[in-house]
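In the two complexes that follow, chain A is the common piece, with chain B as its partner first and chain C second.
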Partner chain A sequence: MRLIVHNMLTCNIKGVINKFPLRIEAEKVIKKEVDFNPDFLRHMLAKIEWKALVDGARSMGYTELPDHAPDTERVESDESFLKKFHHALLELHLEEGSLVCQETGRKFPVDKGVPNMVLREDEV
Partner chain B sequence: MWFLCVFYHRLLDFRKPEVEALAELFGEEDESPLQWRLPEHHHNDTPFHFVHLSSEEIAQNIAKRSLLVKGMYELWGEGASYEELKDSIERFPDSRKLPFLASDSTFRISVETFGKALTFDEQRERIDSFTYVPFKGKVNLKNPDHNFFLMEMDESEENNGLQPILQRRIFFGREVGFADRKLLPTFQLKSRTYLGPTAMDAEMAFLMANQAKAASGKLVYDPFVGTGSILVSAARFGAMTMGADIDIRVVRDGRGPDCNVWSNFKQYGLPTPVALLRMDNNLPPWRSGLKEIFDAIICDPPYGVRAGGRKSGGRKILKGTVDPYTVPEDKRTDHIPSTGAYSLVECVHDLLHLAARMLVMKGRLVFFFPVLRDENGSEVKFPEHPCFKLVAVSEQILSSRYSRVLLTMVKVEPYSEVIEEAARLMHLEFRENHLKWLEEGNIHSSVFKPSDTSEIRTDSKSFKDPKPKYRGKYV
Partner chain C sequence: MRRINSLYLRIGILKIVVGKPTKQPHTSLASLSFSTSGGYGGGGETQQNNNSSRVKIFDRDLKRRDRAAWLSRNKNDTFVDAVAENLLDRLEDCKKSFPSALCLGGSLGAVQRLLRGRGGIEKLIMMDTSHDMIKSCRDAQHDSVDKSIDTSYLVGDEEFLPIKESSVDLIISSLGLHWTNDLPGSMIQCKLALKPDGLFLAAILGGETLKFVRDAGNLLTRAGFSLPGVDVDEYVVKYKSALDLIEHLRAMGETNGLLQRNKASFLSFCRIFFSILNRETALATAAIYDSMFATEDGTIPATFQVIYMTGWREHSSQPQAKRRGSATVSFTDIQKQFGGQS
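For the complex of A and B:
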């Protein structure tokens, strides 16, 4: 699981309020190179919850992201920022571990890189 | 500029929509629909069509990326006879002809016939008749700079079951581009390491990716990803992909470390999906506020028995347990949640809702929808949503009674709460119509059983076919 996806997911158990972001418990992190596409990154930057990305990256051992994302206009010229953003968003993989709901403690397992987000019948 | 667009005689309903989607992808004005014209005396299912495009470059890009364009040509002349053809070619301006006839270029003339075969000598004779075109270049049969085609379609003959045209027509033109069907043997399902019973055929998957305008820099999502065959085609066209499925054995395990959804991408050297998830599209875990994240959603939703839809939490209360059913503490980690049936109507509703929220503006939703082929030819009601405009409807006939229709919808309105209410009303109406229609034929039990082509012939007496006879699974 890459952080781009972590940034989209919550715990959808009924009644849970504080559900985003899910905390990452990393057991095995791998890195895979992905083609760099600045247009795609700029488009994504506008959609991303920045703090969740920064925290997620930290819990996977990557600490290079700035606390605040630069303005969208400045990003155009800031290649070094885009490279870091690219790495955090797309190249870090959580291969084994869990996504943990901060409120209920519910663990969504990530196994072979695939998060299992389906709820049990008593949670639906 | 008008181009002669010659199609393969396949998947007839998919041909123009493919060109239209690609025209938009390659920069043709997307507000105005493409203009099409038929040659004289031809009907809509003919291989020959004229299409208006703003440049040769667009025409070439469309043809190269398509699956169903046999050839796109700059027309130099046409006629009902060789005399008419000659007049017509002579009237075509020199300024358009001479650049392609120069002495330092190479060329080839090919003869193609429809509805009859020509001997080698007959072809020779036709090529030799072009003395009135001042070809100055050298002939090169293998790799010419310019490819010219003479195409002859004869009257009277039935062609492939296609109703005959009334008059012979001859075309002569310069080829601008053609479909790269070499993709198909490479990507055919037989070559796929991880296959499932409902994997999408490679040609259809590419057509779906074209409808979705999949391209580099875009993110394409399949909420019913299965073995990933639809996303493989989107990845081949450069898109980033993401998929989800409720079946964890398929989406996570496959048949082992080298035979799973990921390996289906790796085997072709394609980038693997940015994510594969196990989730229920009836209860998706998206964070609130997330929207307009995908450029396209493409899928073959779980209809019918072959891949019947499931959703979480449907199990009946077990005897002796207290309501509501709770999973015992010690069984929780390995517990596989039970699933309940997921009706077509509900499944389509969830899909439209997902797309309305998650697609960017002008993003495309491309999906199959099953239909009962109606003997009275009455209109089929397709699902609707106020955020979407239906831009293409392409039917693939599966048997004498069932078809599936590929629907292409474009997001034209942003998602909002007001829209949500309008969508709910549309959904209720659709649901009611659909329930009525379901009673007439049990589509769930039969639409996606592997199609039996023999049925098409044997059953035809009891069933008045609304589509012409030559239409079948591949046409």
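For the complex of A and C:
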């Protein structure tokens, strides 16, 4: 699971209010290189919850992201920032670990890079 | 009606119209129903249950296993491909592009394989309740799939969508939603996950022509979609023998929960209830079916009805109906203008 997906995942237990973001407990993180595409990254930047991304990256061992994303005008020219953003968003893979609901503590396992968000019968 | 108890809850409801799609009399065959040891209630009671609250028809574990089974047995199912192709074609009708898309389980493989860059999708999330199905899709990514689309995989349930609100431009589901226990609820969740002006595109198996189209339209409206669109296609699939038909149906595990709500239709249709376990019963049913319904060339035709649904998440740019009484021109004026007859 990469942070591009983590940034969209919520706890799906009924009644939970603080369902986003899910806290990451990383057991195994791997890095896979992906082609750098600045246009794609600029599109994504507008839609990303920045704090969730920074915290998620930190949980996976990457601390290079700034606390705040630069303004859109400055991003155009700031290739070093884009490269860090690219790395955090697309190249870090959580292979094994859990996504934890901040409110209920429920852990959603990540197995071979695939998060399992299916609730058990007793949770439904 | 014969009842057979088995380990798993399995209510399979399928309408089979033998011969030409329309104007054929419906015939009842032996129907078999199964009940679980897990306490979901006897087959008979659940079938007659016509209330509007969520009826637990599907055992979710079973649903997961069956969908995986379907995938493994029907890699090149032309019916499934035809439906996926028809659904994806609708993306070309929209001038819009959909940078991020969520694809819900059902025929995930077919959608992934047949997408071919339609819809301007840049980021794709594939979701299914079955881990096996997801792994299979991820492995298939190495073959014919478009690598320029950033694809992620997720095990999840459309009835409990783990997706942030207003986060995707497009949701696609081909032959998957009829598996859910709570179709209206699933559709509402899909709507919420969509961004304003986002599109919901789904194909589900239908059971009865006109009523179902209306039902599907109602579902879209009640889920809060704008500009709902429904249309129906029928596919006649010919099988070499009734056993092939039955095996296909079992593999597809096709069931239609919406038929539960329509008691009259339920009783008046031809239905076969299948167990994923009981091969002897399947053989016996097949023998009867063969002798009763084979055509001259010996093939068994079965008609599958597919309902295509489209709906949009509301956005101010969409055409809205004007407020009642706000018209500035009357029909009489129009008539005068164009010299129409009264």
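The rule is short, and it goes like this: the second predicted complex is superposed on the first by the 124 of 124 C-alpha atoms of A that agree within 3 Å, B and C clash if a C-alpha of one lies under 4 Å from a C-alpha of the other, contacts with A are read in each partner's own complex, and residues count from 1 in each chain.
The rule is simple: a contact is a pair of C-beta atoms (placed from the backbone, for glycine too) under 8 Å apart; a residue touches a chain by one contact, two chains touch by 3 or more.
Because the structure is predicted, anything quoted here is derived from the model rather than measured.
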Overlay on chain A: chain C relative to chain B, clash or fit: clash
Partner chain in contact with A:Thr10 - chain B first, chain C second, else both or neither: both
Contacts of A:Pro70 with chain B and chain C, given as first, second, both or neither: neither
Partner chain(s) touched by A:Asp122 [first = chain B, second = chain C, both, neither]: first
Doubly contacted residues of chain A, that is, touched by chain B and again by chain C: 1-2, 4-5, 7-12, 20, 40, 43, 47, 90, 111-119, 121, 124
Residue numbers on chain A that touch chain C, as the complex places them: 1-2, 4-5, 7-13, 20, 40, 43-44, 47, 90, 108, 111-119, 121, 124
Residues of chain C that touch chain A when the two form their complex: 60, 64, 99-100, 122-123, 125, 129, 131, 134-135, 138, 150, 152-157, 160-164, 167-168
Chain B-touching residues of chain A, taken from the complex the two chains share: 1-2, 4-5, 7-12, 19-21, 34-35, 37, 39-40, 43, 47, 49, 90, 111-122, 124
Interfacial residue positions of chain B with respect to chain A in the complex: 216-219, 240, 242, 246, 248, 251-253, 262, 271, 274-280, 283-288, 290, 292-293, 312-315, 324-327, 332, 335, 337-338
